[in-house]
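The two complexes that follow have chain A in common; it is paired with chain B in the first and with chain C in the second.
For the complex of A and B:
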């Protein structure tokens, strides 16, 4: 019964992967009227070129940096909210569904949201202006460094419910009796968290990290909407770089080499990570 | 410390925790609040300085504009968004359904016959890398099999790239089905199909709902594949929104927000409807009892 799954995955992964390797070894330009199987092989030229390309390397580093920052903030919010909501809180039944709403909003819409509140005439500038008591005017999205703030925040906002849900499910599975026992011998909250909850949450934190990392490396929609990688190339992420060079400049072979490098790195890294998480228990 | 003081301290702590969580909730909801308000603002208030928090003259023109594509007050006309909306419903629902059914079989056989770790990892592989890295070979491949700008092309891609989560999450739920149930069913002479359908399915119903919601969200909100593989043939609602955004950059705050809200409503309603199941479902199989 595994057959349909395997067929679909084979169809969508193996065929394009073989194609991407082939494309990365040839000199194929769609503008010239020549089919790709007629292009000549240049072996590793594309790989050498793209690894020398600063834009590609910076996009790679920037994507990883954005992911790490997003994950850090998301985990802080997620863990905080999950621990509070697994205790006693007034109106928990209403808070829970409200807090997970952002997960259900398309990232394009999230991009639109943050575009609105970070626009020059938007509420963020107004609030900061009120606090500082001056006229505060910053074009967030047109500033090379500050533009990363709305991008990171929109990513965090969209995905914190997932870390929250994963951690909440984990916390819900810890038995109350152990915590009660610790309370009776006089352990404080931090000790309970550190000695009882954290060891039990290890597996779940690891899986949440890996899944979020896999998703956040794909960041594209919000960038496409908020800044288009700009100003200049200062907010360009990996996906956006691949999209820009592949589709707007149509350098197909060149980008295939980059794609294959990314495929290779991510498959190796995540396979090892998942092996580490699931392998231990057996 | 006296008993009375202890109680007082406890109450103070409780109140501060409650205040804190409500503060977090309010600040987290701010972007959503702003979008809802903007969607009811008339043109003059879209980018006014200082911004109006609550529209002075609320209007539903923005909604009429994005639904019918034409409103007397706006000079520009826009194509109607009903078709992209229906496209999204169709593609997202069909691909979620297929991914769940196929994933159910996959997860069943993985759990039942205790597959190795390598098999599990090979299944989650499509999720590991940015789709943009796959799109160029995919486009060439799709051109060969004539799947560009078609419904079925998009559905295949969506199924393929959500199937890993389908299998993974369902397997997590299936692992918690007691072995005795299956053994009893086997003694009764049920076939594998019947075990899955009659014994396991009712037991993992909640998990099934959680998985379905997660896949529906992923399919409903997908943008990168829709943009590159079917932007001419099958417009989805995310694509329509991006188009509205770039057509008149900076000049259509209201309609953008209105369409954004319409695009988000179905998944939000579904999510709130089944939020009870979500609370204990998202473990991706990492939790062993």
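For the complex of A and C:
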């Protein structure tokens, strides 16, 4: 009975996993040697090399930093909007679809739009110039540090509707009588939020956090469209680095080792994060 | 010291509320005296829960005022009304232990931990929920959940307690027990209680004042005895009583010093009732006010179609010239056989007449 499922799982999960493990242990570079089974076994060489690779380590740290900043902003906005919309708001039916539009726009459109908005002659510079009443020229996307601002903004703009949606459904599930009970006992809005709503949202926040964290650790399209990792390597994230090294420099084995390291770090981080959120209950 | 003064009653003045075109409450006026146990009773859809929500402040009335202690509450948010409420689904905070549920009201007022602990123990003793304190609400039974919800309300020392009837899925016995518990609490606290239910039996048992509502309107209010003895409308008469009232359709024939009711094969003399013309009416008589026998001066005859032995009383079903049999309660000493034809007499001054047109009481 289970055979078809097992076969599917075998091909979807087990085979690629074994393949990547194997790839990470050999020295396979398609531009030199096309048949990977003829490549030399170098065991942990790739792992050691990539951990010593400053570009990789910086990309890792940068990705985590971008994720944390994006998630922080997304959750704050998402929770705020969800809280407002779960009350009685004028024009809720119109507001709701408008708010989730960013989710439906393809990333290439979002990326190109933000590229236009933040380009040197773009509206951002012009608006700031109007306000300051001077000629304001900043090449956002060509500045090693400032380039992170459009990246973070476009990620937040695109993804906050997801956290908003998830948190909104969580808020909608809290029973009215619990909220009313807290009100009549004498709790103010903030106390209700802190003591009733937030603890009840804990589980759903954890789920949203995991979904978004996984997504944002893979951040690629925004980087590719806005800066291509530049200037230099200053906005290069993990997946962009892996893409560059793996497919442009053809070091497939090397990035396979990198992929395993990322997976390992992710698993550890998530299990700690989840334990931090759920563990306290007991 | 709040407790030294008499506890305040509650005045509900001209309250109306509509949702769209549906009128949920229509000009309701109720006065509940200090320390009374008021029961609002009515079938579902009568607007009683809405009324409770208006008193608590969760729903804004379209019209009218809620007055407590001489103060108009309309503009005061629920948290400042000093009202306690136990909800239909109890609304216990499911992520907190029972102890935390009860102490919540004190913690948000920033009272020190020692006093909170003392107060919680005190409440737990009063309500006998000491062994539940470290449990989560999810595993409590209906009765326990109600006690915890009551305790959580009690701790904030409100002036008035509101109880919405627990969810319908509790069995009748348990619900009765819970009401009895609330009644005991009322006797102990001597505060104003308002209990909402659709169960008239409960209402009769515990209330100092019964408020009967139907379709958003107040039909009658008063002491249970008054409601039972002088129902002001057909609906109230039908709704109240452990064994519901018997009704016979008929007409009134006016005579010199009163009138005759004729219907269902019975002819009943009604002294002092002189309507101007022939009117179609419904006669109502409670089962305990019907006498049957062979040596009485009869109002009519009936055939015994069924007999139910209920211990200290017997219930007799009498077939008349109408579809629905008449139910009478007799002492088990009187013995009759099935199919026996007996004389029926209605006790004097115990019959009610209701208008067939609008359901209002015409006599007495």
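Here are some notes:
Here is the rule we go by: the second predicted complex is superposed on the first by the 254 of 282 C-alpha atoms of A that agree within 3 Å, B and C clash if a C-alpha of one lies under 4 Å from a C-alpha of the other, contacts with A are read in each partner's own complex, and residues count from 1 in each chain.
The rule is simple: a contact is a pair of C-beta atoms (placed from the backbone, for glycine too) under 8 Å apart; a residue touches a chain by one contact, two chains touch by 3 or more.
Quick caveat, the model's predicted, so the values are computed rather than measured.
Superposition note: with chain A as the common reference, chain B and chain C can be accommodated side by side. By the touch criterion defined above, A:188 lies against chain C but remains apart from chain B after alignment on the C-alpha atoms of chain A.
When the two structures are aligned on the shared chain, A:105 is found in touch with chain B, with no touch to chain C.
Of note, the Cα-centre angle with chain A at its vertex and chain B and chain C at its ends comes out at 70 degrees, rounded to the nearest 10.
By the touch criterion stated above, A:207 is placed in contact with chain B alone, chain C being left untouched. When the shared chain is aligned, chain B comes close enough to touch A:274, but chain C does not.
Of the two partner chains placed by superposition, only chain C is touched by A:177; chain B is not.
In the overlay built on the shared chain, the residue A:196 is in contact with chain C alone; chain B does not reach it. Contacts of A:23 after superposition on the shared chain: chain B is touched, whereas chain C is not.
Between chain B and chain C, the partner in contact with more residues of chain A is B.
Taking every C-alpha atom of chain B against every C-alpha atom of chain C, the smallest gap after superposition is 5 Å. For chain A in complex with chain B, the residues that touch the partner chain are 1-2, 4-6, 8-9, 11-13, 15-17, 19-20, 23, 36, 77, 80-81, 84-85, 87-90, 95-110, 112-117, 119, 121-123, 126, 157, 160, 162, 165-166, 168-170, 172-173, 203-204, 206-208, 211, 214-215, 217-218, 220-221, 224-225, 238-240, 242-243, 246-247, 252, 255-256, 258-260, 262-263, 266-267, 270-271, 274-275, 277-279, 281-282. Interface of chain B with chain A (complex): residues 14, 17-18, 20-22, 24-25, 28-32, 34-35, 38, 47-51, 53, 102-103, 105-106, 108-110, 115, 117, 119-138, 140-141, 156-157, 159-161, 163-164, 167, 192, 217, 220-221, 223-224, 227-228, 237-238, 241-242, 245, 253, 256-257, 260-261, 263-264, 267-268, 270-272, 275, 278-289. Chain contact summary for the complex, chain A toward chain C: residues 175, 177-188, 191, 195-196, 199-200. By the touch rule above, chain C contacts chain A in their complex via residues 56-58, 77-81, 83-85, 87-96, 104-105, 108-109, 149, 152-153, 156.
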